[in-house]
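Have a look at the structure below before the remarks.
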């Protein structure tokens, strides 16, 4: 479709001038965003950024390497708790975050070992068990604060205290951008190709010299690192974490973000995380909408229970997930491509 | 002239089923060695034993004087053995170029720590990518794959897919190449082209080639030696003339 | 004491077995791991509750009514949703059923609120029966018996009826089945209906023991899924065996070691078993030939 004149254009971030310009525009928008939104909305954006980071990693595992993980919430938990504990006692925030990420990666490596022999529902259950085990252990072991959870200390980065949502936003944005670019480079590189090869035919991959065992566990470790870092930031964004944050429901939500967004693509991860997070958090706001809100309240009074109205956001989330995957198997990324093609080939 | 690939008494059993029964052969440097036989004779199983997909139950496999019995496929690939598959094992969700680039996996140096250098044109990782893409272009040129370079392999017609898989195996610069029914599913024209290509490959890349084939025209045209396999046992090994005139071979296979 | 624990394990295992069977049945026929199974069962249980409480219907009528509802819910899932999928691969279908699960959860929560309700069965929860020196409540005994009857019915259906044969044929090779005149779409829909009914029975038997609220089936579903995998997802006998095994192990571990960690132990055991038998205890492993 696009004409390329050199090999470098295959792998570079900015294929041509227009992509560079759009990227710069998007960047300026992102920098200006917190000043255009209310405080709570910036908080929501922070949560979206956290989920983007986690989903970027999970997408490499599920979309690129073709594995399944129903337990990624466990890695998020490890990252969250380890960052808080390390920051609280021994290290400044950034090193704590990075080390927590690596600790999560080690667990990811361990979880990768069953993946060598298992696939499909069997792997799903093994990962599910892992996620559940992490939640239960954290909940019972006093070192992690038990049921009551723990509070992260004040966030200081390079000596400056970050206290407002906006301060935090820029921290999240920088981390998300760096990790996003790294993930993008990875996918287009020899490592990403090896991952995709394993997904498509691990027999052929092996016959071409790809060390399947190593790369599979590496993929788990990589995605766990991202989940751990995301979790670490999440703890500070929320201001408080407890085992209840890290149930299998979280893992399932993360997986939905990957599939709804678009398997194996960076754009997909961003779109999926954004849409599902918004639905999850803002769905309750349905009642506050001008026309639709009272309409649903009326239905509630007639046929349903009024106290249960907040559950409507689950209905919307479920419907959205179903409709997207039913009609656009490539997810939101697929929709995005369709829109681009439509405009490119307009007016035909 | 030394034996590049040697099989000594290789046997492969699946429970009670003996798929390959005490097969021994040696392939000389630069030879084109064909394996023929009826379906189910154990030909692909033999290949799988050679490249490490299966571990031979008994016997041993030697590559360039080094034993590789039971080694993992990626190690064997590293030692210079490459193969294609009877039913195609292409990476269907990737393009032709990406498939071929995977053939260069062993030679590329990109890893986690030099990944950021992919960002600028002169970076180590970026130069690695472009260098190996140029190598892959040579194969694309040889096999006339230019129009399919950026197409997803699952969208290609069957015959072209087979050529891509051949190219991918070549991209690893093997010293020994195993081709499992490379002509199956090709039309007449493509089969003729294949004969030229195999000879070109032998000449240009200095490889030793083992071929499993049913197409006797192809086999007799290019083989230096042929082995006939039946029920897992080797019936005869010899020159094309010797083998196709052998009474057992005629009875079991050529009719 | 040991006997008592094993008996409690069998009771729990009965519920897991029903859920596991339901999920395994749809997986066998169409490679869909139906993650909406739990909420479908929960919804059908609410329907039974509504019929009992609001319409004052006799129990047997409400029971049959909710099963009929469950059957049609299963048909709806297949025809209305899964069939519409443009690319029905395993991961996409999993997410679609997950979406349906979330939708049903929300719908049930909206309609009935999240308070816990009481579902009354005409079987006593407090009166007990003595079996081989151990005591078991009538309700728990009924749970086990109902589960066993259902399993037997399913077994007879699959082994001795034409429908059962059609189901197996559709699972093994859909195209071949179609060519031989089997209406595969209808067959798959029927399997969804049947598995929904099985799930509904599990929900109805479970509600008096635990409670009736939108969350009731989430954990049993996950455990049932795990049990199915433990036994071997493509062997119905294996699935049932895995479920009972899981129930018993959980109870044993919960008493002798610790109640807090008993569910992780269950999963740990499953992971260990899967390490040695990657297709579950009784599952068959299909190796692709290259």
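We call the chains A, B and C, going by the order they appear; numbering starts again at 1 in every chain.
Simple rule for what comes next: a residue touches a chain if its C-beta (ideal position, glycine included) is under 8 Å from a C-beta of that chain, and two chains touch if they have at least 3 such contacts.
The structure displayed is predicted, hence computed values, not measured ones.
Peer 1: Which two chains does the highest number of contacting C-beta pairs join?
Peer 2: Among the chain pairs, A-C has the highest number of C-beta contacts.
Peer 1: Taking the mean of each chain's Cα atoms, which chain ends up nearest the overall Cα mean?
Peer 2: A
Peer 1: Take the average of all CA coordinates in subunit A, do the same for subunit C, and state the distance between these two points in whole angstrom.
Peer 2: Going by mean C-alpha positions, subunit A sits 31 Å from subunit C.
Peer 1: From the C-alpha centre of subunit B to that of subunit C, how far is it in Å?
Peer 2: 48
Peer 1: Taking the mean of the CA coordinates per chain, how far is subunit A from subunit B in Å?
Peer 2: 41
Peer 1: Where in subunit C do residues touch two or more other chains at once?
Peer 2: 290
Peer 1: Two or more other chains in contact with one residue: find those residues in subunit A.
Peer 2: As it turns out, subunit A has residues touching two or more other chains at 203.
Peer 1: Please set out, as single numbers or ranges, the residues of subunit B touching at least two other chains.
Peer 2: 53, 85, 89, in rising order.
Peer 1: Under the stated contact criterion, what part of subunit C meets subunit A in this complex?
Peer 2: For subunit C paired with subunit A, touching residues are 27, 33, 81, 84-87, 89-92, 94-96, 98-115, 214, 222, 225-226, 228-230, 233, 260-261, 263-264, 266-268, 270-271, 274-275, 278-280, 290.
Peer 1: Over in the complex, which subunit C residues touch subunit B? Could you list them?
Peer 2: 289-290
Peer 1: For subunit A, which residues are in contact with subunit C within the complex?
Peer 2: Touch list, subunit A to subunit C: 62, 68, 114, 117-118, 120-122, 124-126, 128-130, 132-133, 136-137, 140, 203, 248, 252, 255-256, 259-260, 263, 300, 303-305, 307-322, 325-329.
Peer 1: What part of subunit B is in contact with subunit C in the complex they form?
Peer 2: Its residues touching subunit C are 44, 48, 53, 85-87, 89.
Peer 1: Give every residue of subunit B touching subunit A within the complex, in rising order.
Peer 2: Those residues of subunit B that touch subunit A are 51-53, 72-74, 77-78, 82-83, 85, 89-94, 97-98, 101-103, 105-106, 108, 110-112, 115-116, 118-119, 121, 125-126, 128-130, 133-134, 168, 172.
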